[in-house]
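Given below, in the form of structure tokens, are the structures.
One chain, subunit A, appears in both complexes that follow, with subunit B as partner in the first and subunit C in the second.
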Partner chain A sequence: MSQSFNRGTVEDFGRWREFSAGMWAWIFHKFTGWVLVGYLFTHIAVLSTATQGAELYNGTLQGLEALLIVRFLEVGLLAVAVFHILNGLRLLFVDLGVGLESQDKSFYASLVLTGAIVVASIPTFLGGKLV
Partner chain B sequence: MSTQIEQETETEESADESVTEPPVESPGDRRRQQKRERASRLDEQRRVEEEVSEDEETVSLKIFRYDPEVEGKEEPRFDDFTVPFHKGMTVLDALIYARDHYDSSLTFRHSCRQAVCGSDALFINGRQRLACKTQIGDLDSGTVRIEPLPHQAVVKDLVVDMEHFYDQMEAVEPYFDADDLPDDELEEQYQSRENREKVKMSTRCIWCGACTSSCNIAAGDNEYLGPAAINKAYRFAMDEREGEQRKQDRLRIVEQEHGVWRCQTQFSCTEVCPKDIPLTEHIQELKREAIKNNLKFW
Partner chain C sequence: MAEHYSSFERKGTRWLFQRLTAVFLIGVLAFHFMLLHFVNHAAEITLAGTTARMSQFGYFATMWLFLVTATFHGVNGVYNALINQGLKGTQKQAVKWVLVVASVLLVAQGTRVALAMTNLV
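Up next, the complex of A and B:
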């Protein structure tokens, strides 16, 4: 199978347009999971400046929050985390064998809810003055 | 046309001979009348015929072609065919028409034409479907794009090598094999109604391979048993007549490294199965069964 004749456009992820809800959920879940792992390292790096004294820690955080790009990255992080949690709950139900017929609807619900929460968070993340 | 003529005669009659009795119809009149009628009938018939042939519906097919044994055909390509459409026509009907009328070298498998034999699972408009169970009228797009099942080696045109799929099916020992047989070998082995209901859907598999072809995991992991084989294992593992020992054996087969735990619940198999078998549900149940089986609290 995997060493099958290469049919060019016939196979594989180039056909993403033909993916269905469950396949997208899987791809998004993998992606968001690994983004969260990546963030964990950043998070630890930033927080550990506190070991070098309060001044450095405050300076680092203020410096970061002054950057517009960081504000946007925070919105993105929230989106990624919220989707991962909501779809994680969906996967939990799938593992328990509950509501399998509605697995596509619960994926769409996760997406919509993520969108709503992210939009609601924008004033908080982008609102504060950039010093 | 005919109504107009009649009206004219009527007005003439009322104008010229309004007082006298109705005119006697001469044989010539009758003949002319009949001729007019016949002509208008023929007109009508011709018009209908023309209309039909003008919008005689056709459907265009875009079919994957590849033949490693013929020079000039080793490079995969798509061939276009236009075939007449009729109500209720299936994709298989269209393929058969194209083969019989245009190109007898067009190769595809089919047999029962009623979704029973499982030999014509194809990749139709971006989805694994049985050609004989898919009506062209139900497809969204105007052209029907027909390709062999993805993730299987193509032998020729729409024919893929099913050997690996069959190997995986055999790997789960897909036959009834009870721990204890009745003393009298011919005695029936009854199953409770509830138990029959439990395995009912899983018994419907026709070995078409659509599910396994749709699975991203099976595409990336050749050793993965795949949805069809796991569903087969479910069918027998859940059959109470087989007995506890056989069930343990069966669970050992599905919980191996390339068994149920490869499933990432993408639901693609469940969506394409032409027999509507809830494959993901069965795989998930076997996962839980395997865990319950291995949990020890003492």
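Up next, the complex of A and C:
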């Protein structure tokens, strides 16, 4: 049976140097969650151009995609989404009582796998016509 | 730390629905990214292509459910995060209703947009 440790509260960000893997996982999951919910509202706002016809929709999407900064933001969004998915899977397993003893290792695995998927996706995200 | 860890019996409906929507979203979010960045490049998306996809009932239903579950999961996540930070009393009620109204508006606008992308109506 594992031991219980009092590591203090994760809300006390000032002592971040003392945070354990699980606390970092908690912070990253919250941060990526905030980014994704913010993006969801933005995404629907941009897609709303579809209600005004093909010219505006195509022009808006292709205009955004022509900007290099948007391509980099999309890579960032991919990183955020992949980490949230992988760490979310880790949380689901932990909640079901599977892998609690190695929850720190599964957090590191989520980070490494996120990095690998994002790096492998960069050519696709930066490919295509740019301004 | 408990020998066996499961919160299914101990936590409420909000917590359970957060997990149930998570299971659905893991698959659909990954599918959405694959389809609209790797199969069809985002730079080549046009309303004609979007309409062709959205006019298939199965795809439309999946995307609409994606909208609803993502809205619930995201907004419920924000609400729980704020409660975690100590949100209480009147402020908690105010935040709850702002989030409920924001969710309803997002789903309504998302549905309107989804229908505009089809030739179903």
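The rule is simple: the second predicted complex is superposed on the first by the 119 of 131 C-alpha atoms of A that agree within 3 Å, B and C clash if a C-alpha of one lies under 4 Å from a C-alpha of the other, contacts with A are read in each partner's own complex, and residues count from 1 in each chain.
Heads up, the rule we're going with is that contacts are C-beta pairs under 8 Å (C-beta built on N, C-alpha and C of every residue); 3 or more make two chains touch, one makes a residue touch a chain.
Nothing here was measured: the structure is a model prediction, and the numbers come from that model.
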Could you tell me if A:Tyr108 is touching subunit B, subunit C, both of them or neither one (first, second, both, neither)?
neither
Task: Considering only the touch criterion stated at the top, classify A:Gly33 as touching first (subunit B), second (subunit C), both, or neither.
output: second
Of subunit B and subunit C, the partner touching more residues of subunit A is C
Per the contact definition in the header, classify A:Phe72: touching subunit B only (first), subunit C only (second), both, or neither.
neither
Touched partner set for A:Trp16, first subunit B, second subunit C, both or neither:
neither
Once the structures are superposed on A, label A:Asp95 by its partner contacts, choosing first (subunit B), second (subunit C), both or neither.
both
In subunit A, both subunit B and subunit C touch residues 1-4, 11, 91, 94-97, 100
Subunit C contacts subunit A in the complex at 1, 3-8, 19, 22-23, 25-26, 29-30, 33, 37-38, 41-48, 50, 67, 70-71, 74-75, 77-78, 81, 84-85, 102, 106, 109-110, 112-113, 116-117
Within their complex, subunit A touches subunit B through residues 1-5, 7-8, 10-12, 15, 17-18, 20-23, 25-26, 91, 94-97, 100, 103-104
Note: in the complex, subunit A contacts subunit C through residues 1-4, 11, 30, 33-34, 36-37, 40-41, 44, 47-48, 50-51, 53-54, 57-58, 61-62, 65-66, 74, 78, 81, 85, 88-89, 91-92, 94-97, 100, 121, 124-125, 127-129
Within their complex, subunit B touches subunit A through residues 64, 66, 76, 123, 126-127, 147-148, 150-154, 164, 216, 218-222, 264-268, 270-271, 278, 280-281, 284-285, 287-288
